[in-house]
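First the structure, in the form of structure tokens, and then the observations on it.
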């Protein structure tokens, strides 16, 4: 029986390692064939910004890895609208994450679901294991 | 009930390791089973046997080692996080050509999959961090 | 599927209590631990916590209160004090735990 | 005795920017680094930062902006971008540094 | 020439080690015969609360050490009024820290100065080295 | 000008060590003197020689060791903070009866007074932390 796992990302990238090491957990979780959902809220929404370039700080730019989530069958990615708005961002500022639906002739479909706090609360309530980073 | 614990911060700097220890002791005292304690992020630093805390303070690593002995706890240190931060067992030190190792008795180093397994197998996962 | 939310930071230092309150569901409970216990004392956040305690069960970890010299009799109305044994019970009584780190 | 204040956390995550602004003196400057650089972007805190930049020199570390995918042309009015070399100059041009950790 | 050192404490005790290890720095600094000032602001004001009892959390109660500051000739301790008030505290909730004035027949004098943000700003501006914990 | 640096957090978990390194390099390139780099709190963990970061990532300890060699930097690890967290040099390991040590080349362990001295002797002290 697959369990419903949710990983909640609340921290900005680079300032701390949580974003990077959370992504490592998420990718491993895919191998266990669980139902995996990701949330980006609070400063976690900054993890998905386009155009990250870490040349000037000597750290590894791990943002391209997010685009691989679809290949790992991770297609339920929730972004809290309120967090995005408070930061003056829109979905256009974030990476466009997709997955291929093999039941629909490998059509590319959006992985990202923009949800309100209230909608997010309902999704969270439905989970069985929650790990917040 | 079967519980798993995750610890994200090193000893002393944050209360996480202390809170996790107090919680684990209380859970065991109430007859619950601890399926696994998983050390992630800086949490891997709890597993060093080289610490020498002041005499009038607690020795966090030793507390875990003793609790492990008494209850046969499964204390797992994430290998990827441990390599980044310099926590090694004897085998790993040899394999990586390092001249020393520093892991304490009662801890074992393993993969991140053990955390997912801890989440699957236990009835509850409780995370302690910053 | 009820959730126990743990908050371990002062409401002055971090936004975790606010974030938790945005997405909490009916039947969920909150447990304040570590530096999170200050939220249960008479601070400028006490109205927020009092309101939360009217719609949800809000607990505070006694040992963390005592460590910080905070008196149990001065805590926000509706907040209940538990010890580590009570913490364990809260974990088992709810279906899952969300630690707001 | 001018002071360079550095802020390394997002204004959403910590209160360090607010605290710094409470005790800053005339002639002091602020440098936003690490996750502090988000304060220089168009967030709900941008009015606070804009006001600060009117009474004080406010700088943001470019390499930290770029790492986070934040564009220099979208930053708050009055905030100046510096690189690490500029960071060093700011340190030597002020009498002391207060890192708001 | 003595330099003016100021140590600014902004973190609550026990949740993190900064309060304890900051105190270790302060005590060492006394041996260097510098002009030392301490500030407690934001959650740092919680460091000085009376009646701390750590028996239930298995950590060392280091709060008695603050009362030794006077013996180390550390007598300029500033508490920000705004921080104290936001936390619903008054000076009565905090330890009463004193020093003995040997030029005044060893009279006990208050080490703690309750100051507004504005007054604190002036004291801070006058320092030569500031370390914030 | 003479600058001192203080680092309060360990490698990788926080950007502090990276920021301090970038700043130190820039200061040296501009001809300033680095009087001392002082590692305090979890910052002591930057001094381990046992870390094995991923191949495609920076090796923070090695970066310091190399910068130390090139510019004869004084990299000082606080002894009290180091003992709590399990950072030891050979002498200290012997004295404490520990069977291994883990300090990297280029770092030395010394007392907290070295931080105060760094504040007195340098024209500016810059602190990096969480």
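We call the chains A, B, C, D, E and F, going by the order they appear; numbering starts again at 1 in every chain.
Convention: contacts are C-beta pairs under 8 Å (C-beta built on N, C-alpha and C of every residue); 3 or more make two chains touch, one makes a residue touch a chain.
No experiment lies behind these values; they were computed from the predicted model shown.
Asks: Please state whether the interface between chain B and chain F is built from the same residues or different ones, using more than half shared residue numbers as the mark of same.
Replies: same
Asks: Tell me, please, which two chains come out on top when C-beta pairs in contact are counted per chain pair.
Replies: B-F
Asks: Centroid of chain A to centroid of chain D, CA atoms only: how many Å?
Replies: 29
Asks: Report the inter-centroid distance (CA atoms only) between chain D and chain F in whole Å.
Replies: 26
Asks: What residues in chain F touch two or more of the other chains?
Replies: 12-13, 15, 19, 22, 41, 57, 80, 125, 127, 130
Asks: Which chain C residues sit where two or more other chains touch them?
Replies: Touching at least two other chains: 8, 12-13, 15, 34-35, 63, 83-84, 96-97, 99, 101.
Asks: Touching at least two other chains at once: which residues of chain E meet that condition?
Replies: 14-18, 42, 56-57, 59, 129, 132
Asks: All pairs of touching chains?
Replies: Pairs flagged as touching, ordered by label: A-B, A-C, A-D, A-F, B-C, B-E, B-F, C-D, C-E, D-E, D-F, E-F.
Asks: Quick one: which bits of chain A touch chain C in the complex? Just the residue numbers, please.
Replies: Contact set of chain A toward chain C: 8, 10, 18, 41-42, 80, 82, 117, 120-122, 124-130, 132-133.
Asks: Where on chain C is chain E touching in the complex?
Replies: Spelled out, the residues of chain C in touch with chain E are 8-10, 12-13, 34-35, 38, 41-44, 46, 62-64, 66-71, 83-84.
Asks: Which residues of chain D touch chain E in their complex?
Replies: Touch residues, chain D against chain E: 1, 3, 15-16, 19, 22-25, 28, 95-101.
Asks: Spell out the residues on chain C that touch chain B in their complex, using ranges where they run on.
Replies: The contact residues of chain C facing chain B are 6, 8, 33-35, 63, 83-85, 87-89, 91-92, 96-97, 99, 101.
Asks: For a test of understanding, state which residues of chain F touch chain E in their complex under the given definition.
Replies: For chain F paired with chain E, touching residues are 6, 40-41, 80-81, 111-113, 115-117, 119-120, 125, 127.
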